[in-house]
Amino acid sequence: MARTQASRALRSETGSVGGRSPSRLDHATLLGLAGAFGLLATAIVLGGSPHAFVDAPALLIVLGGTVGITTICFSLQDMARLPSVAARTLFHATPDAAATAFYMLRLAELARKRGIMGLDQVLEDMQNEPFIRKAVSLAVDGTPIEEIRIVLEREISEATERQLRSAGMLRKAAEVAPAMGLISTLIGLVQMLGNLEDPSAIGPGMAVALLTTFYGAVLSNMVLSPLAAKLERNIAEEELVANVSKVAAESICRTDNPRRLELLLNAMLPPAKRINYFS
Amino acid sequence: MARTQASRALRSETGSVGGRSPSRLDHATLLGLAGAFGLLATAIVLGGSPHAFVDAPALLIVLGGTVGITTICFSLQDMARLPSVAARTLFHATPDAAATAFYMLRLAELARKRGIMGLDQVLEDMQNEPFIRKAVSLAVDGTPIEEIRIVLEREISEATERQLRSAGMLRKAAEVAPAMGLISTLIGLVQMLGNLEDPSAIGPGMAVALLTTFYGAVLSNMVLSPLAAKLERNIAEEELVANVSKVAAESICRTDNPRRLELLLNAMLPPAKRINYFS
Amino acid sequence: MARTQASRALRSETGSVGGRSPSRLDHATLLGLAGAFGLLATAIVLGGSPHAFVDAPALLIVLGGTVGITTICFSLQDMARLPSVAARTLFHATPDAAATAFYMLRLAELARKRGIMGLDQVLEDMQNEPFIRKAVSLAVDGTPIEEIRIVLEREISEATERQLRSAGMLRKAAEVAPAMGLISTLIGLVQMLGNLEDPSAIGPGMAVALLTTFYGAVLSNMVLSPLAAKLERNIAEEELVANVSKVAAESICRTDNPRRLELLLNAMLPPAKRINYFS
Amino acid sequence: MARTQASRALRSETGSVGGRSPSRLDHATLLGLAGAFGLLATAIVLGGSPHAFVDAPALLIVLGGTVGITTICFSLQDMARLPSVAARTLFHATPDAAATAFYMLRLAELARKRGIMGLDQVLEDMQNEPFIRKAVSLAVDGTPIEEIRIVLEREISEATERQLRSAGMLRKAAEVAPAMGLISTLIGLVQMLGNLEDPSAIGPGMAVALLTTFYGAVLSNMVLSPLAAKLERNIAEEELVANVSKVAAESICRTDNPRRLELLLNAMLPPAKRINYFS
Amino acid sequence: MARTQASRALRSETGSVGGRSPSRLDHATLLGLAGAFGLLATAIVLGGSPHAFVDAPALLIVLGGTVGITTICFSLQDMARLPSVAARTLFHATPDAAATAFYMLRLAELARKRGIMGLDQVLEDMQNEPFIRKAVSLAVDGTPIEEIRIVLEREISEATERQLRSAGMLRKAAEVAPAMGLISTLIGLVQMLGNLEDPSAIGPGMAVALLTTFYGAVLSNMVLSPLAAKLERNIAEEELVANVSKVAAESICRTDNPRRLELLLNAMLPPAKRINYFS
């Protein structure tokens, strides 16, 4: 009971953890996709026969072939993880580096006022931020600082590597999609060329054949490649936020002066994200 | 006799070596290949004339040319090894890293209970795992720990390099196949163009010419390239398993506390593969 | 009052800061763009039907698609910064390295004559050169030399990285533009091929389809790629100028002999930019 | 006289130097080339008009152009050396690494039995192996071991670099050939397009134009590229053999125990080439 | 007067500086260009209508566009320097490394006989070799050896970098030329396709459109790329010659034994260039 109260008091002092809303729309991804596909749809509709661009079997062979070939290169578990990975480029939950730095500074001040043990009471507020929670609870448990550094660094490098592997799957799929489009177009061309008696069938035949090249190019250049690039960008940002938490946890553990921690954190943050806690 | 009995007792204690079934189907490779080629076949059959896609001479020149050019770049022995290498991407026998770590922990416990010499009796169970067997028998023979490390590291780096060379052959063949397809298509085009009197022969002529480009693209993008990628993935996994055995053999040799070995091994394993032996 | 007078006296001694006119046209960029686009326009006009090359929807889809896909890969703030970044390749304000070195040598001489504190009075002349101003004011404030080095190096590396990221956006857009051109051309081809009844429409249909490939190629090869290359060149130059200021500020702080500073600066400058202050 | 006798006795003890037959056919290169070109010829002959593929001027422009452009990038001496370099991929004289190791072990044993000076008498047997001869004669001359290492390492790195430069010429030519093929095809197309009045000439015109692309693709993908890859492979093997001789010469100079030399050499050799001299 | 006499005597002893004739034709560049362009011209003339390959506007747009775009990426000064840079691949003045080494050995002998000051009298013979002159005059002036090394190394690395930047301009232009060719071809195709009423104009229209692709391919593959490669080769050679001079100047400054200098220089020279001064 006392604990909850203390926690509530602290919470009002520290604010929400890491300034992270549960899940945030990535406006750049959304607007970029909407804009590019909107223009594409407009161009297709203005051309007068939008149904000519919808060919379920062609779409199936390009999509399915890309998924199949990518599966060979990785494992079934990796493939099962891919949709959620891709979704994170649209609804990403990367905390803000500045907000995290600010929050860690508050924790550092609290730790100075009430002792490291006092942070015990705010641990349960950090359930949305397992990494910060782990970092703080290691400090609260009195783990030696050297061990904290090793454990947190391993966590960070593992998380980064695991996510880069996911981005690698998107990159691989972006490579495979145009190849599948080309292979399907070759199938269509061979079928059309073996059947030239009816001249009126040549045009539509070639149109259908080209459609798979179109699907492959759209899938690769307008979806997979940019999502992989955005994912790599997010990974770098999450690594920065995790490093902010790591440096702060070490500082709290050393019961450093929080002003020194502010200097350390600002040295890691890009200019636009620098914080002004004590001045 | 006594030895066999002891061995049997130990075996029930240690379980099967490395958790490796003699040879395991790689479901991702199988499903990926089946899916992608299934879609291809469907697209071809739906097009109405599947026989138009079977042209033995065209297939022969692309396949044979790819094999021939790849042979020039390597040696006859290397080429003879290629099919078995490729087969390992489908029926691979990579032991599970977690199971190997678990097994090595059991051995470490045994070595603590009965002395390193006691491991002598389980050596014959490890016949499917020559590397683990070598690592353990070096420890049992009382080889100095520094020498164990050097011998095992040389074995690992040599095995890795040898297998990467095999993956390199698949990569090279994946590069050659589309070139052979293009060269054959050029032959077909020149033959067709020299013979334009009969207009009804133009279509089928071009169809046959394009077929080799199709074969080259399929061979490269749907078979050779993904198998090379899968092989490289498997090689990295086998290297990890071998390193787990190496670290464990060194620890057994030092008669370390197995709890410390568990820590060391978990530091090497990815999160999903971490083991919980003592807790 | 006295201060302004002193400052004015000093200003006449030191000259304009860094020899930088407020904003200088980059003649190479301007002439190169004008020449290349002039030739293009001439070729189009001589062909007799310039209006055939203006197709607003085609232009919109290539431009808009490139902007959209590039937006996915970065963030909205990054995109908002892009026009001003691109403009800096045309109206760039990179100070001249030799002029900056000359100016810093004058400051070093002044500091020797009147003491470092004496530089206080020229600080306000440096408002167009925030980096030099920061470097000099750190020296004037008596900041320890080691800290000056760390602060200035962090500023330089951050500025360089931030600008390289902007150049990376131009590079990414240069990659996306031809892909968008190809995708739009495929749309045009499919539309044209589905509609072959009217033979007189085939030519114009293909012409319009090819137009987007043309737009994509022009945008990438004649605008985005060269601007990215020029930007990278400017970034390297600005880094050099900033390093000249950093080395000079350290030297002023050490109250080194200005002749030694001249040697140090000449070692950093390319032969054509070397200065001859004392000889 | 006595010397010759001693030499003969030793020769029967040491066997032929380095196990190298004067010049050995590289079966992989031969079979690969024969197979790939055999299939090509079959495809051409089955098509019915093999003479359509022989066009001396087209062949001349692709071959000559490739030679000319490659000459610009290098020097006349380099070009003169190219045929013999290329021939070495077919009739290569790389000694066997295991045989060299075996031979060096025999020399080491001899040196132990009769002293290093005793090797003087076998020097003349090594005329086909100038590198081994140089290594052994340096040891016999009593050169300090440190100098032996420097001299031999310089020889090895120079020989490797020189040969890699030759392989680089083949790689460059493999890059130039398709470009020359394309340029010639463009010439043919322009000539054909300027002369469309006679429709029956269009087909053969395009056939001849395509022939140069075909020549360029065959020359690059089926000859130059694989020969460069084989050459690079041979260079790595010769470097290994030279390093075996270098390590052995150093060991002989130190009058090490030959058993230790065997260990050292086996550590350098791949598993399939390891030797078993003393066991 | 006495000085000139002494100088003349020395000159006859030391020979011409660096063995460099004022400017030497690069036979490989000349023959390669002549051969490749000769074959091209023959193929064009044999085709019967050489005038079809001369189209001034097409040539202007490809050449001018390439120059324009390359100008954007660099600066006007850089562009002004390009012709003389390109000319140096045809009439290059790289001194021979062996001749330079020989000359430096003579200087070293002279310095031993008459003292370093004695070299003062031959300095004026070295006006064609500013780098050797600078190296020798530094030694004559009694500059400390450490400073000589630093000054000469900075000169060498700056000269190398500056020349590599020039080679980079040729590489960039080689990249731009085919893109300009493609863009011009697209212009030609769009113009032709908008004007299909007159069937007899289709062929010539396409021929003219393809001509720019031809110009771009020739410019890039047969001129710019090989000249850049030759330039990079020459730069590496000049760097070697400069390093020979640097090492010799240091040795002269230390009044080393010239025999030791010969060893040092031979260690830097490729086998074909090694000198035999004292044996």
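In order of appearance the chains are A, B, C, D and E, and numbering begins at 1 in each one.
As a convention for this text, a residue touches a chain if its C-beta (ideal position, glycine included) is under 8 Å from a C-beta of that chain, and two chains touch if they have at least 3 such contacts.
Because the structure is a prediction, the values reported are computed rather than measured.
Note on connectivity: the fewest chain-to-chain touch steps from chain A to chain C number 1. For this pair, chain C with chain D, the centres built from the Cα atoms lie 49 Å apart. Chain D and chain E have Cα centroids lying 30 Å from one another. The set of chain E residues touching two or more other chains is empty. Viewed as a contact network, the protein chains form a single closed ring in which every chain touches exactly two others. The ring of chains, read from chain D with the first step to chain E, runs D, E, C, A, B. Taken in their complex, chain D has these residues touching chain E: 57, 60-61, 64-65, 67-76, 78-79, 154, 158, 162, 172, 176, 179-180, 182-184, 186-191, 193-197.
Listed in rising order, the residues of chain E touching chain D in the complex are 27-29, 31-36, 39-40, 42-44, 46-49, 52-53, 200, 202-204, 206-207, 210-211, 213-214, 217-218, 221-222, 226-227, 229-230, 233, 267, 270-271.
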